[in-house]
Amino acid sequence: MVVTFKEENIKTLKHLFLKGYEDQDKNYAVYTSKEVYAHINYIINQYMNLPNLTVGNHAYEKNDGVSTPLSLCQEFYRHGSISPGNDTFDIDPFIEKECLSIYPLEPVKDAAIQDMNFTLDFKRLLSVKVYLIIKTINLQTVRHNELPDCYAFRTVILFDNTAHSGRIKISLDNHVQINVCKDWNISGSSDKDYHLTLILTFDSFIILACLVSLILCIRSVLNGLQLQSEYAMFFQKHYQKTVSMSDRLEFVNGWYILIIISDTLTITGSVMKIGIQTKELTNYDVCSILLGTSTMFVWIGVLRYLGFFQKYNILILTLRAAFPNVIRFLTCAVMIYLSYCFCGWIVLGPHHENFRTFNMVADCLFSLINGDEIYSTFTKLRGKKYLVWLFSRLYVYTFISLFTFMVLSLFIALITDTYETIKQQQQKGIPASELQAFIMECKDLPASGKYNDPETRTTAAPSSYLIETSCLTAPVPAEASCPDVCVCWHDG
Amino acid sequence: MVVTFKEENIKTLKHLFLKGYEDQDKNYAVYTSKEVYAHINYIINQYMNLPNLTVGNHAYEKNDGVSTPLSLCQEFYRHGSISPGNDTFDIDPFIEKECLSIYPLEPVKDAAIQDMNFTLDFKRLLSVKVYLIIKTINLQTVRHNELPDCYAFRTVILFDNTAHSGRIKISLDNHVQINVCKDWNISGSSDKDYHLTLILTFDSFIILACLVSLILCIRSVLNGLQLQSEYAMFFQKHYQKTVSMSDRLEFVNGWYILIIISDTLTITGSVMKIGIQTKELTNYDVCSILLGTSTMFVWIGVLRYLGFFQKYNILILTLRAAFPNVIRFLTCAVMIYLSYCFCGWIVLGPHHENFRTFNMVADCLFSLINGDEIYSTFTKLRGKKYLVWLFSRLYVYTFISLFTFMVLSLFIALITDTYETIKQQQQKGIPASELQAFIMECKDLPASGKYNDPETRTTAAPSSYLIETSCLTAPVPAEASCPDVCVCWHDG
Amino acid sequence: MVVTFKEENIKTLKHLFLKGYEDQDKNYAVYTSKEVYAHINYIINQYMNLPNLTVGNHAYEKNDGVSTPLSLCQEFYRHGSISPGNDTFDIDPFIEKECLSIYPLEPVKDAAIQDMNFTLDFKRLLSVKVYLIIKTINLQTVRHNELPDCYAFRTVILFDNTAHSGRIKISLDNHVQINVCKDWNISGSSDKDYHLTLILTFDSFIILACLVSLILCIRSVLNGLQLQSEYAMFFQKHYQKTVSMSDRLEFVNGWYILIIISDTLTITGSVMKIGIQTKELTNYDVCSILLGTSTMFVWIGVLRYLGFFQKYNILILTLRAAFPNVIRFLTCAVMIYLSYCFCGWIVLGPHHENFRTFNMVADCLFSLINGDEIYSTFTKLRGKKYLVWLFSRLYVYTFISLFTFMVLSLFIALITDTYETIKQQQQKGIPASELQAFIMECKDLPASGKYNDPETRTTAAPSSYLIETSCLTAPVPAEASCPDVCVCWHDG
Amino acid sequence: MVVTFKEENIKTLKHLFLKGYEDQDKNYAVYTSKEVYAHINYIINQYMNLPNLTVGNHAYEKNDGVSTPLSLCQEFYRHGSISPGNDTFDIDPFIEKECLSIYPLEPVKDAAIQDMNFTLDFKRLLSVKVYLIIKTINLQTVRHNELPDCYAFRTVILFDNTAHSGRIKISLDNHVQINVCKDWNISGSSDKDYHLTLILTFDSFIILACLVSLILCIRSVLNGLQLQSEYAMFFQKHYQKTVSMSDRLEFVNGWYILIIISDTLTITGSVMKIGIQTKELTNYDVCSILLGTSTMFVWIGVLRYLGFFQKYNILILTLRAAFPNVIRFLTCAVMIYLSYCFCGWIVLGPHHENFRTFNMVADCLFSLINGDEIYSTFTKLRGKKYLVWLFSRLYVYTFISLFTFMVLSLFIALITDTYETIKQQQQKGIPASELQAFIMECKDLPASGKYNDPETRTTAAPSSYLIETSCLTAPVPAEASCPDVCVCWHDG
């Protein structure tokens, strides 16, 4: 809601202060000197008459009862005589600045900067900047039993003539400041505190649940690590072999790691959420990223339970087995991808707006691989010089052919191959590692009563974001009879 | 036609009552107080002069000869003094409502609400609503020999200022009421009843045909179930084995189930269609969904007959065999998909309009997988804060890579694997289940005359929607000689 | 060029006669009675002043020196009193027509139909039609040494009020008549005839070349058929076996069939082209389709020569071998596709403009499969009733999942399977059919001189379209020594 | 920056001289004679008042102190009387030209060409051309310590009436001339030369580094070639066998070739860059293509180092092994692709704007294969004649089905097959060629000290573009003991 309020206000400011603005920022520019004056005067007049114009809560900022003025500044080269007709110029690139403050004392009709001794010499002019401060209150929150925020929009309207191309682009930028309102009074809102308290209690409960889950998972992981070191020592002593890395990793449950990360994120996020709700913090973005990522991990964690079924397992296993190969392959593919990115950026950058920055090139090429924006890329590169046109055609055709035809096909080959490997392994059931061979020797069945497995789970699923706090205790084997083989399990 | 008439009228109402409307709802809003008054006055004047303006049949609703008035209501906070300049406010969030009725007695020029003692205090104003009732008759149906309907458009024009962002969005909503006209007279339409009767007869015939098909299919399915239970008993008695679930399902013909569902939908849909044609029912949507779905099933049913050829069969068999694996795999994929949906909704929701609601996120991500909207998603997320930008890039790149590169590849691996399995099975022809082994023992050829198979089919394919009513009788074996093996077939 | 000239003229007519037209036909409509009159008067005035306005060669048609008038017709219900306010109406659906002719005698200012006794009763009005005839000459061809054509644009401007929805759509339709100009004189164009003769000679040469190619290919095919019948008889006589269909087809060279079709199309197309150039025929479309298709076949024919190399061959072989399976599979897929088309048409037709007609549904679904228009389809179905929304979501998600995930995967499985089969066959080289086994027995090497292979080729590749006339004579074996095996070759 | 400045100026000129221009070139045209005069007069008036209007540095070109005039030329048929009403015309296709020069002596109000004895006879008129020369200086570079350039925009505004369709398209074309300014003076820019010198030094260093890398790589390649010839001679002598082509190619390291190409491009590009920076050259495009391509190759070269790891290697190997097959297959596919291109161009060219030129057809079809522009292609072909519509549907459906379903599937089959072959080869490790078998015989281990491998690398990675200059020396074996086998290595 905060973001929407901000965006709507910015839209309003654009409509109020930019003459002839029609919801399109891209081509908003002026081309003649008369227009420049008209636009500036329009801004001043609109600002002067703001209280009568606006349908929102916009008001001037007041310092000691005096409204802050509109500030009009121009930047220009100190000295310059330019006559392109003769190909001659004489310029001093030092930039001077001249400002003018206009106080909104009373509504004026047709104020004009020309009358205020403020003339623009377009040949030397670099930019005109208009600074405004508009204050407003977001009253909507009153109905949701939250305290309204007070906003200050520090607006800069920029007439950019640095290029001296005859086109002055006009842009409106805002720096938004959100404060707690100083003095407020809301009649008849008795249940407000109750509502807030409820939410805070709920958040605290979630933090607690996650904390418990976090501690238990850490305990399990630590237990696993301990067991692993004992196993390694046992192996060292009895078989004089070092345990391989992949066997060591078997002792650490990846799902627990996932839950630990998810819990950490949830706790941090919830603490921040409490801070935001009590108006102490305002960085909504970090909070939402933390909570969003934790929710994602919780949902991915559900796959673990699906993995308990044999048939569902195969797919997760395939993805996991293919992962190293895919990463290796991606490394190679990314190299080629980067080579295309750099090349496209350098060569096509000036000719195609999708290739202006490196990020845009990367985005555009990624879209091309997936079959988007192809035709429009072609279209925008039409009508260029023959050499550029030829290069762009070669570039796009080879890039798409290479990636969609060869690289994607290799992906499929990789995955298909892994799938078949996994399937054969499942059907034959060969113990792949020494650890599994070691466990195989233990003949005690789980049902024999020699192990007790007090695995308990606590699940807390609050309404606003879903949290899962399973994995509380790791299986703790009680007794063991296979003398020298399973003894390590006993100690774990 | 009803839908088109409705939509065209709504378009007309927007053009008549919304000042400067140009077929674009998205940015239709006002920003200054003067504009608000001008828009409201425009609505009133247009309403007053409606009979002279409209080129359609629009008229005021009349109750006892008096035209219903236009109703103009404003909602505002009971009490409020807001001065954002000082960061102070004093508000009573209780909402009051004030209304004004304007009767369209005679065409007026330049009516203005300012003169009518109706002022708006924008700081407290929440919304202005204008209520109109416009009546019209859909005369087009006369030429198709149907009775015209009478429509009442209960229109609400909303000026929404709840956000107090300085931007008042204007929207026009309609509640359309379709009635049978009270009093009507159409000259020279003698063959109208004949035409309607023809359609109704045709519909009734279809219902009848479907009913017959439905009954016969149900009989077949019931026969199959009976045979299955006898087979199970026979097996229990002679071999002391229970029959597996998959063998049991062999007795129920899936195609018959499809036909039963399709017939049920057709019958319900046709009954509703008759209701609509005789002006008793108006829920077109439900009717069209029923008939549309039944048509779909009928066309899918055609695959059954293609399946009689060996080579066509392999493809249907592959799809059927791959189905459980695909579903299992989809379950896993949907988990990851949902995790991305939730995460995107929480984090990117405020920053990208395609991520506003959960449904939109799901739609957008689904489009991304299939290579649509990729570049525009990137573009819309440009120019955000660095943190959000970074997150969005990570989010989109990992999502698309994961789904188009890995998940889709796994799908291909799954299907390819199944295809090969099926092909090998077909080439080797091993009886897969006990049931097939049991049938194999029966040495009587179908041509030996020991079975009579009076399979008959009745097909009715009406013009407007295609209906197929095959599967009337199940094969009933007459005699059987393989003593203790085929005896169950005899009883079935 | 003809098409471009036509389209530009239609654009011009729209700009000249449609008031406020801005290159967008979609929303061009009027909503108030005043506007209707204004638009009609505008058309009349523009027509009256046409000679002064136009920058092209537009002129009135003249019959016996008198300019043809503009014809203004209205259609309306004979009798009707409609009062939607009371839900009552009394209508006679018989349609009357009233016309008015306006002669463009002299330029008039502000002609108005209201003054001409031509009033519109909008409640009864069905349509207003304005008939104009505008003549023009396409002078451009003069510079290409072709004779200019004379065009007559029979224009109808339609104000469509059949829906009585308050929205009168305005459309401009043209019936274009292209004639040879009656009386013409082009100064200083001496080399014109020479140029035309050159083109005609060239076309005739192509026709001749294609004819020779056609005859020789037909001879080869006939030879093949004769050889086949002799082979069949030989087999019948010596081995008492009938020859299988696939063996019979081996005797007919598919490439020759392709060349025959291509040649036939080229000849027909070239004959039509000559007709068009000598201004006897005007059906450009048919001619371009014939020549275009023949060009396509010629290019595909190039694959034949690539097939002479072993390694290139494997790919063509795979495609050919996979073809029957693909067709079979496509038949099944098309069934499901059609079922979705019908269902979408019936249910979503009134709610989404891409689903209005059956063709549009088919196009839209085909685009969806290939990853286009997905998000916009979702977007346009937003904001509908809940039931329709739910149905549309189910519909689109299941459709895309089924087709892109399962059907396309099966395609890949099919092709991969065929590719492997072909590759193994090539590596092992087992004679697949009886015919091949029969040929194997013949021990004479081609180099032994027992066959003479006077294969000659004539290739004609004219500039404007590429034509290939190979395959002139089939190999005719001269002598044969393997007594009872190769004897049939001798006879062929 | 140069390109941006150019484009912004062109935009400005369009806005200054084209009446009512709104950033859309596509539909910018006039339809009435009055409009034509108004547009021409507008251009003249704007040109006259240019110094007062522009906000940039635009000025008239001056020759000997006199501003160059605006030149207004019309082209028309020498003689022509056209009366389409009677289908008669009498024309002399010789084209005459009439010009008028207007000097910008003093600002004029409402200049009109009608007063200047310049009338247009639209029936004979072919085109009106307005020639302007506008000069400007790109001052932006001053702030980057570069010298400003002087630009001359030779502008032609064309009113194109060659079609005589009643629609005069207006276009503005520019020929931009970039010169070094004649006489200039920049105050207070002392560190400018230092900055430029720094960049030039840096560029020179890069050129040097690349040169060294280039020479060393060439040496290695030459060594390889020498070794190869000796090996061939040895083989010829001892085994009487000629060495196969693939074995010969083994001696030439492909990576070195890549580095040689990359270095050559970098050196040429850097030399050009120095030329541009010292204002001697202006062909930015060639320079950026050279540097961009070299950067691309450098990044691709990184793959070489990844290839040193066994597991990464398999993917590069697969791509390399699949390459010949892919090329072979692409040749076939391109044939079919071209056949579709030609056919679409001939048949659909006049009906669909995406099919106007051959290049556009190729682009459009390529987009279709990758799932872009499908629906819009369908949409634009709607509403054509039935025959064309039918053809277009057949065309698009068969094309997409053939390419996305069959050709892409075959690609996958190819790559999958190659991947498996490579994998098996790696697992079994059979020496594939005679060369490898030959090397196998050599029992000396690399660690035995019999070879010394002084491979050194020099890497220079400058900031603006990344350059890598590895591969300096090829391994030079010092001693060899396997007498008659490895002796060639010794000599190499």
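Order of writing sets the labels: A, B, C and D. Residues in every chain begin at 1.
To be clear about the criterion, a contact is a pair of C-beta atoms (placed from the backbone, for glycine too) under 8 Å apart; a residue touches a chain by one contact, two chains touch by 3 or more.
Since we're looking at a predicted model, the values are computed, not measured.
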{"item": "Cα superposition angle of subunit A on its copy subunit B, in degrees to the nearest 5", "value": "90"}
{"item": "Copies subunit A and subunit D touch via same or different residues, half shared test", "value": "different"}
{"item": "Gap in Å, rounded to a whole number, between the CA centres of subunit D and subunit C", "value": "34"}
{"item": "Multi-chain contact residues (two or more partners), subunit B", "value": "370-373, 412, 414, 416"}
{"item": "Of all residues in subunit D, those that touch subunit C in their complex", "value": "27, 30-34, 36, 79, 82-94, 122-123, 125, 161-168, 324-325, 328-329, 331-332, 335-336, 338-340, 342-347, 349-351, 368, 371-375, 378-379, 382, 385, 387-388, 391, 393, 397, 400-401, 404-406, 409-410, 412-414, 416-417"}
{"item": "Residue ranges of subunit A in contact with subunit B within the complex", "value": "2-5, 8-9, 11-13, 15-16, 23, 52-62, 67, 135-140, 142-143, 148, 150-151, 179, 181-189, 284-286, 288-289, 291-293, 295-300, 302-303, 306, 311-312, 315-316, 318-319, 322, 326, 330, 354, 359-360, 363-364, 366-367, 370-373, 408, 411-412, 414-416, 419-420, 423, 465-466"}
